[in-house]
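Below is one structure, written out as structure tokens; the observations come after it.
Per-chain residue numbering starts at 1, and chain names A, B, C and D are given in the order in which the chains are listed.
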Amino acid sequence: MTTQISRRTTPRINVWDLLARFREVGIIVFILLLGAVVTLRAPSFLTVNNFRDILMNISILAIVALGQTIVILTKGIDLSVSSMIGLVAMMVGFVMRQYPETPIFLIVLLGMALGTIAGSFNSIIITFGKVPPIIATLGTLSVYRGLVFFYSGGTWVNSFELPQSIKMLSKGRLFGVPNLILIALFISIIVYLFLKFTRTGRNIYAVGSNVEAAEYAGIRPQRIIFLVYLISGLLSGIGAVLWVSRFESAQTNTALGFELQTVTAAVIGGVSISGGVGTVTGVVLGAILLGIIQNALTLVRISPFWQLAAQGLLILIAVVLDKVIYTRVARN
Amino acid sequence: MKNRYLIISLVTLIIFSFALSACAPADPEPPVVEDVEEVEEVADPAECENYVLVPKNLGNPYFDTGNVGAQEAAGELGITVLYQGSATADASEQITLLNSLIAQQVCGLAISANDEDALVPTGQAAMEAGIAVVTWDSAIAPAGRDLHINQAELEGIGRVQIEMASRLAGPDGGEIAILSATSTAPNQNAWIEVMEQVLTEPEYANLELVEIVYGDDDDTKSYNEAQALFTKYPDLKVIIAPTTVGIAASARAVTDADLIGQVFVTGLGTPNQMREYVKNGSAPEFALWNPADLAYLSVYAMHALATGEIQASAGETFTAGRLGEYTVEDDPDLGLNVLLGAPFVYDADNIDDFDW
Amino acid sequence: MTVETINKNQQENIISDRQARKSFFSIFLKWEWLLFVLILLVIFINTRLSPFFLNAINLSRTSSDFMEIGLMMLPMVLIIVTGNIDLSVASNMGMSASLMGLMHNMGINIWLAALAGLTLGTLGGVLNGYLVAYVKLPSLVVTLGTFAFFRGIAFGFLGDQAARNYPSQFTFIGQGRVFDTLIPFSVVLFIALALIFGLVLHRTIIGRQLYAIGNNEPAAKYSGVPVEKIKFILFIVSGFISALAGLVLAARFGSTRPDNGTGLELAVITAAVLGGLDINGGKGSMYGATLALVLIGLLRFGMGLLNIQSQVQSMVIGLLLIVSILVPHIGQQIRFLKQVKFRWQSILMTVGLLVVFTAFFIFFFWSRAPIIAQF
Amino acid sequence: MTKSILKLKDISKSFSGVEVLHRVSFDLQPGEVHALLGENGAGKSTLVKVITGYHQPDHGDIYLDDALVQFVDTRDSRQAGIAAIYQELSLFPDLDVAENIFVGRHPQSFGLKVDWRKLYDEAHELLDSLGVTIDLKQKARHLSIAQQQIVEIARAFSINARILIMDEPTSSLTLSEVAELFALVNNLRENGTAIIFISHRLEELFEIADRVTVLRDGNYIATTKSKETSRDDLLRKMVGRTISSQYPKTEAPLGEVVLQVDQLTSEGLFTDISFEVKSGEILGMAGLVGAGRTNVAESIFGIRPATSGKILINGLEVSINSPQQAIGLGLAYVPEDRQQHGLIPAMQITPNISLPKLDDFAKYTWILNKKEKKFAYSAALQMEVRARSIWQLAKELSGGNQQKVVLAKWLSTHPRILILDEPTRGIDVGTKAAVHKLMSDLAADGLAILMISSELPEVIGMSDRIIVMREGFITGHFMRSEATQENVINAATKDVRIENLS
């Protein structure tokens, strides 16, 4: 941007330094390498259809992982996202079943509102109750899941009970691109702008980087922390509506276990668990990498029994590589 | 200062615990405490009224439908059948639940097992405590139960799915794939085995089984697996999904990918979940027994066992209400079992007759 | 914050070697005592509500249901005291048991197979420990990765197969009872290990060093505490005990499948935290964690006897977890609220939240009404 | 009397039942530099935090321009035109320099979007006016302590406050940087800004302050014009008694060389460091903050082992890869950062003291509580730690007493070589004298002491010999007799690069 100002920048351009400054480059390189290997073994990997499938599959993950990222930026964690998705999906599903003519934008708004309310419950426990985030959301993880069950009485909302409007929300296409992908892209851009170009967004980084200093600087950390769980709930709410739309059903176990995937996507995307570090591009790429790993393992016909192990191993490799790069840079 | 808050917390927790116990369903006449010493005794069959239907997990419409049948049977027999399951389809959770049911000295348990082997010790403990143990839908190994209520012969279920697949693939046959539930589900694996055998028959020589994948009875995973299948095998004709979650997910994947008419889905599913896909042509036909009937029969069998009407030996017969008379059979693999009947094939013509 | 109360000119002894005097009641207000009281309360209420609760056979059978969680909780307590976490315990347990099952299926002697399982679990711990202690990755991240990795290996070993027909000498570990009493062998194993772990934590040099690491890791390192080595060993021990828990589970089930024990890691962490452990490290005791395990076990069993649905049971445990952390902070909250000057914003916010929550619950019940009517 | 811009009346504040401020009054006039003086624990920092609204007073009033005000948080005080540099550095390690300056007040366009270009331009201007160049895109994590302090100062200046509070802003600045800062402060004063200035360097107060207010033990003692008072007078007011000779260094007979360091190098941190310390000797290590002295000490102690070079103890070459090994070899290290590295604040005094040598209080790893308690008690008594009990939490003690606990802890290991890193930083005058006395006594008993200090009078007053470091190199070596403030400063600011080229 304003390069003439940074007079004392290190003139030597170093591969490690580049990798660290643009962490995303590392993920892209990893994706390309993986893609190359997979294409050699399974040419069908490199088709438009396959890529559309991969993107479809990770769209909801990316959206919710962005919420997770915002939370992790403040040193927190939101384990309850999966249950929030389950709860909101079920409630939205019920409304759609009962009132199939409801305009779709109202449904989306409803999902956002319900998600935000669920998130605000986390916020209250964490900010006013001073409960560590991991414990609070571990608790609400089972509480919200219990509510899903209580709410639905164990029943599901099935595909035929849902109106076409909700199904088209994700499946409709604009210029040949499924809406779901466009929605995910749109939300990513919004979150990017929010984190990069608003004071509140910057304050989230500040609070995650040093809470006390933030307080000295006139930021109210409690408000920021309140806000991030709200946002996580909001994005989970959107994720829930999209979930109903894409999977054409709302079940009692909707999104079960999804929370760890969102954390994984964030971590692979370079978000630091100790707060203050992480970018939207990184997380989106992290989600894409996860999607590609899943897709590729199936395509190259690795025995289904070993796929999970390969996935875990790749995650470990990604994290260790990142650390190696970081230490190399720190040493220079 | 600090102490005061701790006292507050103590009081709050106490109140909280009382609130917990208030969650208990209103039990009009809690049994008296003196009974404790007599618990060891085998429940008196004549007075036995409390039975439990245990699904793999709660919140699954397939089992919930079963409960409808079970309640119907309970009404006819004048007994109470409780519907209790674990939150997730997990063996250790189910064992914890069964232990608390055994502790209550219920008269009979009808269990859909999450793990064929892991539940054996628990099933044995229940039988030792004088509880009638039948399994339905998914069996415990013979050592861990009295009777298994078999929804349909393995042979029959496997065969009907291959038959449907053959019909859908057309006279020229083609590539087929199987999308199962978890790789550990006993009934799935048994069916797949049968299907592989049936496929070796000359009649089905034109069908080629290209891969077996696992969707873990998880909607998302099943969907992705189905998608991967037609990416990998462009000539794929039929996906057989012998699981209610998998079949719906596969049919949706086919619909979403605009492959209706090119790839067909069949397998085992429930009418409500499949209605849409039967009508849009992605899954023109599928099979299933009626879970309500299955649970209905299970309750009758459980009651017959608990009251001593049958003793769990081969050849005995008992009457199961509207379903008529059934015989206990012995099978080298399945052990003692009662067979419900042949699976029913649903298609566009008959699906609207069912609502479950 | 610098607080000094002693008058600088005083001549007498400037420091005392005695603990500050506490009132008689404050001794009973420690978290561990609260748990104890809660346990008594649960026993009392449950005994009133169900005739089957205070029954030796039932309690014995139920107690063995919680022993795998208990076993894995022991090293977890030490790990949490240092401010770390191990999410991979349940996966590790699945992996070790699966290897044992695989070898058993191949006809190898069960004890040899068990030894192999224990070794593999320990190696899993070595991987975790190495990455945490020496590569210096956050334990949450590392064990999130191995959580998937280990479980994956378990599926790789056994796939759709199960291992069954373990000899009865082996199943004794999980099903047997000691000397014709009603006490399950696994409970004895747990108590013995709990004693050892408790003593290590509270009475030995290593225990002291664990607390030092949890409270201030750099300072511990500067004081000559072998931080890396201790963390490394801790994760190895956790791996070993997870494998042991895997054997106990396999023995209790009399069989092994690769998905055995899925999700138990959250139960383990819940028990530890409910026991008063600070997730950020440095605080908590082994007694507390053990009492919390007993409390959860009794609560679950009691609710099961009352036929409360499993989802509701999880909800209650989840709420209890939140409340257990929330309540000790009530004091802080009250003080905080007292400090806050009445501002229209805060009033508006409170009212707003109340309205929103009320609306939510009205909506919640209204929208599910048609379903209720169906039943 | 001129009108005061800020007036505190009878401010009291307690933390968990302990009164930290007791009816303190204070007034500040526009265009004056008002110094706040007191030992550590006197309540200066708390008073600052009360003024900025970080803490709320339990009792008493704050008047701004003679109007009663109430600050609920730091936002309120900032809106009222109060800016502060806090004692603890409060930067955001993950944000870059420019953003650190403007956190919470990012310049915006359209009242919505953060204007990054403007932000970098303004940051650039601001640092220029301070006469420093720091890479604006550098993450604060990678800055040296002096650079961090400069960024803090830039941040406080950027607010254009009417009242500027500076709590120990100069503790790690070089003399020329201090001079630049004072020039700016004078500039602000002329423009009518009122400044509250806190420093432990008394000399600075006479240079910059118009008036001085002294606090002691949370009580207001006196306010005087700085021209009308003397150093001794201020010291007496601060401590409440007269301080005797400041540097009680006695000549001790020198023995054998105990610690010898030969061409120690750690890439990027320091190069070719060689020196030796004899038994009974205090070797002073001078230099600016960030010269690499702490790195040398840490590598000797095994925390970050050096990449090449030799360490000899009693003439034998040793390899030290961890603090445990160092302790085993008779080394002890009192680190610079007490809160982070020296103590475990959340633990009691006893376990803090016994931590490095737990083996001594244990039998087969089993801790013998009585033995440990007895030992900790005698160590605390010997060091005159002032606390209610040895079971009090370390974090409840004042800075000076915390340092005593750290010393007690390390002396309990019976070291032969003691490394002290800034042993008197941030502690009160009374404790400072006690620490100096202790050092002298220990040397007399035959210990070899390596003392790192940024306070020149201390280095010159306490050392037998002095080595000076600059940017990772040794740039000077003086005997006690030949060391003066001038030649030590010259060595500490010598341009190393030129010397290396030649």
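Rule of thumb we're sticking to: a residue touches a chain if its C-beta (ideal position, glycine included) is under 8 Å from a C-beta of that chain, and two chains touch if they have at least 3 such contacts.
A quick note: this is a predicted structure, and the numbers were derived from the prediction, not measured.
Once CA atoms are averaged chain by chain and compared with the all-protein CA average, the nearest chain turns out to be C. Interface comparison, C-D versus A-D: the pair with the greater number of contacting C-beta pairs is C-D.
Most remote chain with respect to chain D, judged by CA-atom centres, is B. With centres taken as mean Cα positions, chain D sits 70 Å from chain B. Chain C and chain D have Cα centroids separated by 42 Å. Averaged Cα coordinates give chain A a centre that lies 43 Å from the centre of chain D. Centroid to centroid, with C-alpha atoms defining each point, chain A and chain C lie 28 Å apart. Contact with two or more other chains is made by residues 145, 149, 152, 155, 305 of chain A.
Of all residues in chain D, none touches 2 or more other chains. Residue positions 1, 58-59, 87-88, 183, 214 of chain B are each in touch with at least two other chains.
Considering their complex, residues 15-16, 18, 20, 40-41, 45-46, 56, 70, 72, 217, 240, 301, 303, 322-324, 326-327, 333, 335, 340-347, 351, 354-356, 358-359, 362, 365-367, 373-374, 376-377, 380-381, 384-392, 395-399, 401, 409, 430 of chain D touch chain C. Within the complex, the chain B residues that touch chain A are 57-61, 64, 87-88, 183, 211, 213-214, 218-220, 223-225, 227-228, 231-232, 234, 248-249, 252, 256-257, 272-273, 275-277.
Across the complex, chain C is touched by residues 1-10, 12-14, 16-18, 20-21, 23-25, 27, 30-36, 39-40, 58-59, 82, 84-88, 90-93, 95-97, 99-105, 115-121, 125, 141, 182-184, 189, 214 of chain B.
Here chain C touches chain B in the complex through residues 23, 25-26, 29, 34, 37-38, 41-42, 45-52, 54-55, 57-58, 61-62, 65, 68, 155, 159-160, 162, 164, 171, 175, 249, 252-255, 257-264, 299-314, 316, 320, 323-324, 327-328, 330-331, 334, going by the rule given at the top. Listing the residues of chain C that touch chain A in their complex gives 131, 135-138, 140-142, 144-153, 155-156, 158-160, 258, 266, 269-270, 273, 278-280, 309, 311-312, 314-315, 317-319, 321-322, 325-326, 329, 332-333, 353, 356-357, 360, 363-364, 367-368, 370-372, 375.
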